[in-house]
Structure formats: structure tokens, C-alpha cells
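Below you'll find a set of structures to go through.
You will see subunit A twice below: alongside subunit B first, and alongside subunit C after that.
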Partner chain A sequence: MKQSQQSNDPLAAPPGMISVTVDGRTVLVPRTMPDWQGRQVPTTMLQACELAGVTVPHYCYHPKLPVAGNCRMCLVEYGVPALGPDRKPMRQPDGSLVIKKSPRPAIACATPVSPGMEIYTSTPTVKLMRQSVLEFLLINHPLDCPICDQAGECKLQEYSVEYGRASSRFVETKVHKNKQVDLGPRIMLDQERCILCSRCIRFTRDVVGDDALGIVNRGSYSAIAAYPGTTFDNNYTLNTADICPVGALTSKDFRFQMRVWFLKETMSLCASCGTGCNIVIGSRENRIYRFTPRQNDAVNSCWMCDYGRLNYRWIERADRLTNPGGTKLTKPDWEDAINGIAAGLKQTIPGHIAIVASARLTNEELYLVRRLAQFLGAPTDCAPRSGPADNLLLCADRNPNTKGAQLLGIAASLPGANLPVFARLIRNGTIRSLLVFGEDVTRHGIAPEDLARLDFLVASDIHSNGTTMISHYFLPGCAHVEKRGSFTNVHGRIQKFEKAVDPPGLARPELYWLSELVCRVTGQSVGRTVESVFEAMRAEVPAFRNIAWADLEDHGVATSV
Partner chain B sequence: MPCERHLILKNIRKPGYSTDIECYLRHGGYEVLRKALALQPAAQPDGTTLGPKEQIRREVEISGLRGRGGAGFSCGMKWSLVDRKSGKPVYLVCNADESEPGTFKDRQIIHHDPHQLIEGMIIACYANDVHLAFIYIRGEFIEGARILDRALEEARAAGFLGRNILGSGYDLDIYIHRGAGAYICGEETGLIESLEGKRPYPRIKPPYFPAVLGLYQCPTIVNNVETLCAVKHIVGMGGAEYARLGTPDNTGTRLVCISGHVKRPGCYEIEVGKVTFRDLIFDEAFGGGLLDGRQLKAIIPGGVSAKVFRAGEKVRVNKRTADGKMIETEMDVLDLPYDFTSVSAAGSMSGSGAIIVLDNSADMVEVLANISEFFAHESCGQCTPCREGSLWMAKILRRLAKGRGQPADVALLLSVADQIPGGRTICAFGEACSWPVQSFLVKFGDEFRAKAEANADKKSDRAFAETQ
Partner chain C sequence: MSWAVPKEVEEKVDALVRRYPKPRSAVVMVLHALQEHFGCISPEAIEWTARKLGLRPINVLELVTFYPMFRREPFGKFHLRICRTLSCALAGSHQLHRHICEKLGLDPAKPGPQTSTDGLFTVEFVECLASCGTAPVIMCNETQHEQMTIEQVDKLLDQCRCKCGTGREGNLAAEHGFEP
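Moving on to the complex of A and B:
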């Protein structure tokens, strides 16, 4: 979008562009723009208004859903160049176009723009139309915002303040509907709060491919429902609570747990599979309350799966490791632990030590592991983790950073292929020392009795596990929500995430103590910040060479490899 | 002397006329179809050649036929908008979802002369290269669907439907689809959705103009039952001859349904624009006058969604003088000719041809409450203004009619009605539900105000609302 400066003639737009005027401001917009599936289709009035910096309120329209056009909130007035008897645009004496104002309004979400079109979004008529739509939406809507879970992120509230009328003229009895419909295992529906925008129906039908929801009854008695005898249960149901503009659809996990205005929002990633959906973490007073998807068209559009969204409760489990420990550590002290581990590592012999690192560690942490492995002459591997994939976002690789581990040389193309070899080499006495970062190798083919034969076993994890319990030293790690860093998703996209909450007790981000160990063992420092480690990684690992930490911004960067 | 002019009803009224194909054939049935299928390419004065199908389409265009479903849109124009280059099949759907209160004309044809409709449909399909057509019939017309089903069977057996019709090489089949009982299915895009097996939510235009993106996203023609019958007569007698019937811009004949407080309610066929409301209500050939001792109070001229006329109302319309000039004249509403243009110029519409006559025994508040109740019940609920507004208006009116009004109600009602029409809704139902309210309140405002104020001192509204 550019302000047209060279010419005042709206019909003389450059190729592929259309000149339209929004509330008196002339802008150039592309002739076509992506629709909900990314196909190029004629630019709509609503898109043109957005490009012109003018907000057009809407309920049913969602950029990632097919257009429904039912809420009527985006009605605008418009005019098009009037044609003379010669079918050519008529002009005023000063050369400007004669605009013929349409007698009827149009929905901005579905009406394409045409050259020279003028769109009016702030006329008295448009204001009245918005006011009346809001009045209609509210007459049968409960006016009990203080007890509604959507309050604070409700489009009815927001638009009422901005475009609505202050008082109600409705003295009849409201239409009463079912306020507690158990739509499915994770979603509740309050039919009275529903404004029938049909976003949820379109999402599950057109995006997920599960035609699960529909409307029953007619007129003002219409209500959303799952098909009789079925429940709304696919892996994406909670997205409907996100896109529901009002308090009709709520997440059973989150509803009535926390007022949304208290939530701190942290830009992060979902770590439950290799897709790396972009999310926002909602937390308060060091507690996670919800994950919600964050738009990234290169990864997850506006969605995330229910599996990933709800996979956070383990973070506050009681069996979290909160301090360093192990059979050789006399007191839970970081200095003692690092000293002990560094001393032990200095005595290891190349070829007689191996490292297993989790593909849940960040790129930066895995790079530090790589530095350690190279210095110690230790073969490395990751523990594979997989589950069934679906056709939308959930990926079979349930580790968030397998690709990063592969790019950094920690894992081979088939992660976990080395683990049976390690087990055999431990059993025959070749491997005498083992470092395990963030995994429980007893669940990946290395038996506790084999681990018991080792001279030196160091482990770290978030929770206490079979490996940490018998290790000489164990270190408490962090969930990704408790630290900063970057993951490389299955498609090779490097994305960063920020810290939302503090780790419990003495637990520290892996980067913190891995960098310390690298420094003690190798005598070389790579710094202690994510940025400094990333810089060092960049200098050394080809896949990361052209990417600076700052380049990652909000949506990450695809690696060239 | 005003009188009926029968084309469509020609045979229906004959004693002994039945729905059997033999009876239809005895009365010259399917002769027009034979004629249409036998048409040869014709050389034109400008040297070009016009194919048989184009010839039929041209005849329909020349005839000036306007759609009989309610909007009065030019049939020839509708056909000309069909996207014939898309490479997709073109469908034709007969809209037999006759549901506008006061309308009972299509049912006459379906019940008494189904083959006339089928012949008209086949000709229309042939002219538009349609090979699959549907009759979307209102769910309540169980008997009509049964009769049509049998007639289609007969037509198939006689070689008028199916493969290679009458040896012409043209294939066509027609299926009946019964609706499930919703007024909105009469709206053409709602009808198409319903035919596709979905809720009959009217589609947004753009992009879903049926002529381009209709049934199954293919170009589709939706024509009313009576319109398709008229096509048969146009092809039979020639477009120019048909256009000589009626008046310019309002050609041919049209079925009018007269109901309400008249002595002879019924379905009559008139030359469009050749008879006035006075003729239709009072003439012995039509309504036969009001019941004894009653006075005319109101006329609803085109189904309940049309704006009401008050008896004695003066309307201003353009009239063509002898020398061809248009001059604006004022006349009593009863002298208004019954045609699309005049009724619309007078501020209402002739819609589906349903004239509802109300005499002084009618309580206009009750009448409007009844009408609004209908629209609140039939609003599909897809878009906000109509979904919420129709029921709100019905609730206010219910209250008023029950003697629980308050002085502010009339202004509120009008304000709510004003918030619905004018392109704010997806389909014309928004207009349909608000026009009666607007017009009743403007033309019979005193009655509403009197009713509202008579109860102003009674129990408060809010208290009543709680007991509702």
C-alpha cells in the first residue's frame, strides 16, 4: 500500500493495483489478495480498509475462514465512478471522477473493490447501522459481563463501547436457551451468549475437516449444536474458544480459572511436537493458565492442537527436580555439583564416554552439548519420541527440536539409532562415562543395571526419573516456558521463545550450567546469554550461518539447509 | 367490462379436465414442445444465423415476461445473465415453494394442470441447454408433489422427458425435491442451498449470483411455476403476440389471488395492468365486493410482505397520455391498475399477485401482530438484523394486541423496523418483515397509538414482560 502521489486520477493505478479512497484517503491496494486458503482473489473492501489503516468492526469475518457475511457488523457505504452515456467514467470540470454513491450498503468482508471506488466507514448511516446491529445482538444476550468468562476479550464488549448505544430499549422477555451445553470433552457452550457468527462451524468443517457443528432451530431461537448423538471431539476443538468473539464457547480447562486482564502474555512456542506452533503463554504470579495460538502463516496459521495446548500441567508437578543432587553430591549446591562434574569429566577418556541429549533442549543448549562432546570425544544421540500425526498441525515427531539436534550433529538422520549401541558398549565396558541431558535413558533401552556399571553418570531433567535417581550427579533443568531460546521445527524453521515463569527452587536453565561446564571443561567461554551462545553457534554451524538472533523476530526464519 | 383473460387457467376451469396426460394431450398438450424442438436455425436480416435455442430465448425476451414469483424481474434478462461459457452444466429449478401468505396460484397449476408446468419447463430447459432440472416444491404441498410425480412419470413414459426427447437428440430429466417447511426456501439462493441438502441460508451476493454460481456452484436458473407456464404460451403464440396482452412493461396475463373480506375470494387470471384494484375487489367477475354492510379499510396488494394501502388513499403514479408523454397523476388507490410498475410506483409491490382485502371489521394491530408473528417464525436466523429484529417486532406487537402497550411502543416499533431493511440483510426477507410494520404504522398509526395509550395506565410493561 502506497499513498498515491504521482497522480490524482484513481483510474490510473499501476498494473496489479487498484486505487480506492477510504474515508477521503486515497490508497493503492493490490488487485488481488490471499483469501483464507491463501489463494489470490479480488481484494475486498475490508482488506482495503485495513491497508488504509481504517478499522472495520466485524464478528463473523475471520481472515483464515471462508466468508459468511452474516453478522452485518462490517456494513459500509460506498460509491463507484459514474459512467456517462459513452460508458466511460464521467468527470468533474476539475478532472476528478463523478462518484455515484450506492443506495444500498455493502458488507466490507465480501465485496470486492473496484478502480476508483470510494468507501465510507464513518458516515452517520454507517454509524447507525453498526449501532443497530449491536442493539440487535444484545437484546437477547445476557447482560451479565461481570460473571462472563469472556469479559476482557469480548468483541461484544469492545464494539459496544466503541459503536453501541448506551441504553437498552428492549423491555420484552429475552429468548432463553441452554446455558450449559457440553459440546465435547473440552468445550462448553452457552447458547444464550452465542451471536451465531458461525466461525466455530466453519472452522471445524473447513479447516479441520470435521463437519461436527451446525445450527438447530430457526430465527432468534437458532442455536449451535453438535450433530445429534455425537460430541465435538477432534484435536482442534479449543481453537473454537479462541475464535468465538463472545463468551459462548469456552475451554473447560481455562474457564473461570483467571480473569484474562490479569494474565501476562509471553511470546512462545508449543513444544509438544516438531511443528513448533507459535503460541502466547498466559500466566500470572508464576503460574501458567493457558496456551493460545499466535498467528504465524508459515507454521500454524492461527491454530494449535488441543494436545499441545493442554500439555502444560506437568510443569507444576510435585516431582520436579528443584536442586542439584546425586550419590556423589553431599549437599544440594550448584557450585559443588559443577565442580564435581567438571572434575569427573576431566578424567574421562575419548571413546569411553557418550552423551545423550534431549531433542527438547534448545538449539543453543544443544550447541553447548556439541562443544562438550567434541572436546570429550563423545558420541551423541537423542531419544526419539513419536506418536500419530494428523492432517493439520500435529506431527509424528513429538520432540520440538529434532531438526536442531540433527543440524547440530547431536542426532543422526534417525534419532535414537545410537542408543542400542551405547547400551552394548556400556555392557561390554567400553563406555565408562555417560552424560544424559533431559532424558530418562532407562526408558530408551539402557537398563538401570547397565547404568550401575558406569564409573561416571551425570543426568539432568525436569522431573525426577529412573536415570537421575541412580546418577552420581543430577541437575534440575527447566521447562521451555521457564527459559529463553530457540527451536528448529521439522521444516527447518528456527523460532525463538521467551521466558514466561520462573523455574522452581534452584532449578536453572540448561544453558546456564551447560555454558559453565563448557567453560570449565574446555577452558573456552561462549558466554552465558542465549544471544552469545547463538552467535558462537552461528560462527560454527553452517545451517545457522546466515541467521542472527535478532532476525528471528516474532515468526522465526527458515534455515537454508 | 373488466374480465378475466385465460391462458394459464384456460383448461383448468373446463369441466372434466383432469391431470392425466391423455387429457392434457386431448387439449393440445405438448404441441408447443413439439414446435420448439422442431425449430430450425433461422437466417437473420443481418446475415447471421440464429439457432433454435436462441430463437426461443429471443421470443421470451420480446415477450417482456416478468417473473411471477414476486420480484417481477425480466425473465429474458435473467436467462441472458446465465454464464454459458463456464463449461459447467446449467441447471434450471422451478420454484414451487409458494409460501407468501395470501398466495395460492402456483398450487392451482400444480394441482390441476401439472403437465402445463412440465411442458413449460422442458421448453425453458431446452432453450437454456439444461439437461437436469428440479421442481422444488413446498413441503406442505404433499398432494401437489404426488400429482407432479405422477405427471413426470407419464411424461417420461410418453417420451417428453428422458433421453432423445421426441427424437430431437435432446436429453432432459426433471426431479421433484420437497422442502421441509420453511418460507425462506422460496428465496432463490436459500432454495438452492436447501436443494443441496443444507440449511436454506440465503447466499451472499456477490459472489453467489445463481446465473453464475448457483446449484452445486454451477450456473442456475430459478423460475417460478407461473413464469414457466407463461414460457409455454409465449413460445406457442410468439413473443410479440404475448406482449400485445397486458400493457407495455407489464405484458401478458397473470394470476391474481384475491382473499380476505370479499364475497368471491379466489384465483383469477387477468391481463396485466388492464384491471384496477376496484375491479378486482368489487367487480362481479372477480372479488364480487365486500361482505354486506362492511366498508373497505385496507388492501395488501402483493402478499403480506407488500406495503399496505389504506382505503381512500391517494397515490401518485406516472401515466402515459394519448400522445405518449408521461405525466404524474394522482388517483384513488382503487383506480390503480394492477401491474408491477403501477403498484410499485404507488409505493408498494404486486409481489406474488396476492391481494388481501381488509374491511372495517379488521383490527389493524391484530393483523400486523399476526403478520409479524409469521415473519418472526420464518426468519432463517442467518443474519443479525432480521433474526433479532423480526422477533422483537413480533413481541412488541403481541404485547400491543393483548392490551399491554405503552405510549413509546409505536415509535420504538417503527425505529426497529427501520433498522432492518435497505440492504442491511443478506436477502429480501429483511424488507419483507419490516415493510408491513413500517406501512401499517404510517397508514394506521392512530389505531396503534390509541391501543398503546389506552393501556398506558395499566400494569407496567416490564411487569407484564416478566409474566410472559
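Moving on to the complex of A and C:
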């Protein structure tokens, strides 16, 4: 009897767990959970509600920022087990706990749960509190949703619909503030839309370490500001536009460009450095409008850098290669190009051919290059690309897949170390054929005069470049946003990305024509889909052995090596 | 002339900072010390304070703009604080405030302290001055004036002007019965 009563007893949770009741449903939650920095701290009501599948509306709370508890949107009612005169929990005749409801509500984001606690999130009082908080927030709000970039992904809109009043009772004059504060080179602030949640302040202070923003003035005149004469300019400022729950902070790059509900969202990666931040691409009618970070706690948390975020305009540049070409191709036709290249490659002699492949190509594409290189007896390398790193995400390696190129044996152990050797061997006539995939080797130490000595030069790239211009055959490739595939980031995490837009003209994903070339030259087919090439790669390359394409899911998998 | 904190003021600030476990905790006291010396908190004072306490200027600006007792500009010779809170409001302090503003050429609807163009008066509409029983209340510098009326306000303004020898035309002493 006692035994069975204990097993249902909220006070007898397994070690490390706490039993709480959310809107009548009892759930076991861990006693502690990670805070914004991943340190274990007592589980909050808001986290417990989330585990129970109950959403508590909130503005200032963000799982990756220190808790501020200032917006009061998350107010809930709660009760705790009542204690008898013996300081022991009192029980009803049926053995259940007597719950003493707190006379005051509590903010769910900052209140830890305790054993046996009951949380009520849908009482009339809670509803009224939410309605009142919203009413206060809207007092001086300009309600310019029709011209606001946040419309469609605005928490003020969403919560007003869900929890707010239908009409305003405010007949007084609204306080007006500055609607166009040029906070920094990439961020514009509308002080009237701000609800003063302080997320932006905490982000730049606590995550980036640049304490650049603050709240000036008082009461309804309070406003976000940078110190006069300074600008909000670090490599992460655009994240504040993402986490701003309203349309106060907007990206100068994206504002007034497109209504967010028209955007198609594609799961992708940033390809601007070796970190491989997970992103969502927003596109419409084959045009890219924005990159936004996608949460992956193993890589980029909820953030991405401004440099990577804005590095997409080149995709639309006018000098894109849109058809196969070259001095030996009479008409811009894929069939002719592949035939010509395959025929040329069949005549090459091992030891007299080399391959340079970009570390911007996917694992699958680099695997196909590896197949070619092995068959042709060609040494390979990549072109290194680097820039200053910072202490948050940006990595000195500005190629997205150097690690993959190394694991696949394409890159020299010091990427680029073979390039001067290739240059020398071309000059002394040893190397007679060169394949360049996705790079301009004239910018990496192999001079156009040297390239002119080759019997056979094949190149591919996205834009026309010094190498494609003088090659016998060139092929138009794709930006990563125009294809599917996977990259291996600097820490050895394999992550996949999906296609957002179509390539221009006759440009085709490298995988498409590399698999064709492999088939023609080696006589062996590895299929023409990303999945089939990945399978073949897995069977052959140890670093990928235990990983199936399907395992990559949304967040990727770490390689064992 | 370049802005500088005199040695004795800096020594005072250093002594204040030592009273707190963390330098940043001293920020309000440091600002008071600077305001006492300079008469107001200039951008230079904000930046100096930030450097002194290892803060960013925005952290100091937040405080300076939050607390009404910090002045961002020099105040007039006479600081008139008119109570706007309930008892005084009921007793007509809002009309007094409007009257004073209009007389001095200031905008009664504008928030925050305002100084008349002659630099004599700074008018501030403040919260309860803790003398609700004698509403409406106005403080002129550190002197409290109780149960004020429009007439008394006019007299007060004239008295102030008189003290500075910038009196308006006419015989103030005879009109109001006081010694210039």
C-alpha cells in the first residue's frame, strides 16, 4: 500500500529528477538543466513547461542568453506542497499532496521548480496578466506592421493574436521616438518598436564581449542606444536582428526587400569558413534574400557571423559561367564538352597529369575527384584560403571543406603545399595535363604562361577566371546554394545542405558532371545522386565508414577521425 | 580649453572608489562628485568616469540619463522644482508649471529640465517633494515654497531676478514690498 502510494508520489522522484505538474499533467524533469553557457543550474518553470509540451510566451528569455526577467510576459501561477505543523508535507485523505497556491504569480523564465510544484499556465488570472502585459507593451508601440520587416515573424504580433485584446483602450498621445537610428554599418534601429527586452544588449555584451548597447532615459522615453559617436560594429551584429522579438532591430541588407512569408526556407550551411555554421536560406523566385542562423549547439549555437551572412551577393554576379566552353569546344554543349574531356583524359599518362580541386567542393564531389585522380595517377591539392579568425565562430580557414579534402586525400597535409611543385613540374615539362575544379590557379602561384605550355587544360568554376579563360575546356559549376551535398567542418563534423535555388543557364552541379566523367574515364559508375556517391565514398574512405547519408539529419555527425 | 579633472577632485574620486568592493559600484558617487565640481555631467565627464571605472561610456550614459538628479547641461542660477504628484496636482501645480514655463518662454509639454534663454532659471517638473500637506509645493534651489499661487510664483520669479540685478522694469520693491 505504502509502496504503491510512493511510486505515484511527486515527492519521490528518481534521483536527479523532480516531479512537477503543469496544467494538471505530472512530468518528471531533471533537477538541473544547462543555462545559456551550458552550465547546470536549477531547472526553471519555463523549461519544465517546455518539457511538458506547454509553451509559455516570453520576450526577454532566450535559451542562449543570461536570464533578465524584465518583460513579464512569462508570468504563471503556481502552488507548492503545503507543510503541516510538523514541517512535513500535508496530505489529502487519499494520500495526494495538499497544494498551497501562491497568492502571487511568478516569472517562469527565472523561477526554479521544486518537488511537487504545480504550475498553472492557462488560468483566467494568467490570461489576464498576459493580456495586460501586451496592453502595456502596445501603449507607445507605433503599430506599423504594414511597413515593418518583422511582420510575419514578430512575437508582438503573434502574442497579440493569441493572448492580446482585440482593441486598444489607449486614447492618450503616444510617446514618439527616433524611428531611424543608424546603430552601425549593418543594423538599423526603430526605437518606437522596441519593447526593451534587452536581448540585444545581453547578446553583444555577454556572447560577443562587445558591451556596445544600453538603455538610455527612463520610463516611456527609454530607448536602446549606442554611445553617441560610436557605432555598433562587430562581426556578429546581425544576430541582434534575429533575436530582437519585434521589428526594432533590422538588417540593413534585408530591410524592405521582401516580406518574410514569401520566403522559401532551405536548410543549408554557411560556406564562408571552416566552421560551417548551420543556416536557413530564405529565397523567392530563384533569388536569395537572406541567410539566417539555424541552431546547432555542436557548431554555432544560434548565431552566425556578419561576414558569412552577407557573403551571398556574388551568386548573382553577371560574370557567372553559364555554359561549357573553352578553346577546343566549338559549341557550348555539355555532351561535346564531356566527350572532349573524356577523350583527352584517356590519352594522359600517369605522372604527367595533376589535379587541383577546390576545398569549396562537397565531400561527394571531392570523392569523385579522388576516383579520377586514382585512375589517372594524378597528384592532387587544394588552394588554401585564409583570413583572420575571431574568438567566437569565424575560423582562419575560409574554405568550408578543407577537412573533407584532407580526409579524402585531395589536399596536401599542408593544403596548397603541392601547388608550387605543380608549377615547377609544369615549367619543366613533366606535367602535361592539368585539371582545375573550382579554383583559379593563376591566383595561387601557377602563372598563365605556365598554363599556356600545357597540352591539356580543363577548368571549372562559378565565375569566369584567369584559368577558365585560357583552358581548352571549361565547365560552369554551382554555388553551394544551388546544389545538395555535404561539407566536413574544421572539427571533423560532416554536415549536409540542401538546394535553395537553380543555377543559371547551363551551369550544373559539379557532382552531375564529375560522376559522368568518372564513368566515362574509369568505366565504373557510382551513380549520379548525392546519396549514391556518398554510399560509394563510405565504402571506400575510412573517415566516412560508419556514417550513412541519412544519419546526417539536420545537425550532422562528427567523424571518428 | 581642454577638459580636465583637477587633482583634488580626482583624489576624492579615488577615495570613493576604494569604498566599494568593485570599482563600477562607485559610479553614481563618482558622478555626483564630478557634478558637484563641474555643475553638470558633460560627455567628457562620462568618458572620464568610464575610463576610471573600467566601463564603457554607454554604461555611464545609461545611469546619467536614468537619474534625474544628474544634469547633462549647466543649470540656471535658480533651479525651480515644481511638484507634479497627486496632492500638488490636485492643488493646481500643473497650472503653476504651465504658468512658469510660459512666463519664461519654455515649453510646458517638454519632458525633462529646461533652462530659460537668459540662463537664470531651470524649470523641472518633479515627483513628490514630500511636503504633500502644504501643496502645491515648489522648491527654488534648496528653499521650499509652500501653498503656492500664481501671484506668489510671479513674486518669486521677480525676487530671483532682483537678486541678480536683472530685474524687470518698474519698482519691484514697491510692488511686492520687499528689499531688492
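The criterion applied here is as follows: the second predicted complex is superposed on the first by the 555 of 561 C-alpha atoms of A that agree within 3 Å, B and C clash if a C-alpha of one lies under 4 Å from a C-alpha of the other, contacts with A are read in each partner's own complex, and residues count from 1 in each chain.
Simple rule for what comes next: a contact is a pair of C-beta atoms (placed from the backbone, for glycine too) under 8 Å apart; a residue touches a chain by one contact, two chains touch by 3 or more.
From a predicted model like this one, the values you see are computed outputs, not experimental measurements.
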Joint occupancy of subunit A by subunit B and subunit C, clash or fit: clash
Which superposed partner A:A226 touches (first subunit B, second subunit C, both, neither): second
Partner chain(s) touched by A:F170 [first = subunit B, second = subunit C, both, neither]: first
Touched partner set for A:T111, first subunit B, second subunit C, both or neither: first
Touched partner set for A:I195, first subunit B, second subunit C, both or neither: first
Partner chain in contact with A:L137 - subunit B first, subunit C second, else both or neither: first
Which of subunit B and subunit C A:F256 touches, first, second, both or neither: neither
Contacts of A:R218 with subunit B and subunit C, given as first, second, both or neither: both
In the superposition, subunit B vs subunit C on subunit A residues touched: B
Segment of subunit C that clashes with subunit B, given the candidates 44-52, 80-88 or 170-178: 80-88
Shared contact residues on subunit A - subunit B and subunit C: 214-215, 217-218, 221
Subunit A contact footprint on subunit C (complex, rising order): 43, 56-59, 61-62, 65-66, 68, 111
Subunit B partner contacts - residues on subunit A that touch it in the complex: 67-73, 75, 103-107, 110-112, 128-129, 132-133, 135-137, 139-140, 169-173, 175, 195-196, 214-215, 217-222
Touching residues on subunit A, where the partner in the complex is subunit C: 211-218, 221, 225-228, 230
Touch list for subunit B against partner subunit A, complex: 182, 199, 201, 204, 206-207, 376-385, 387-392, 395-396, 399, 412, 415, 419, 422-426, 461-462, 465-466, 468
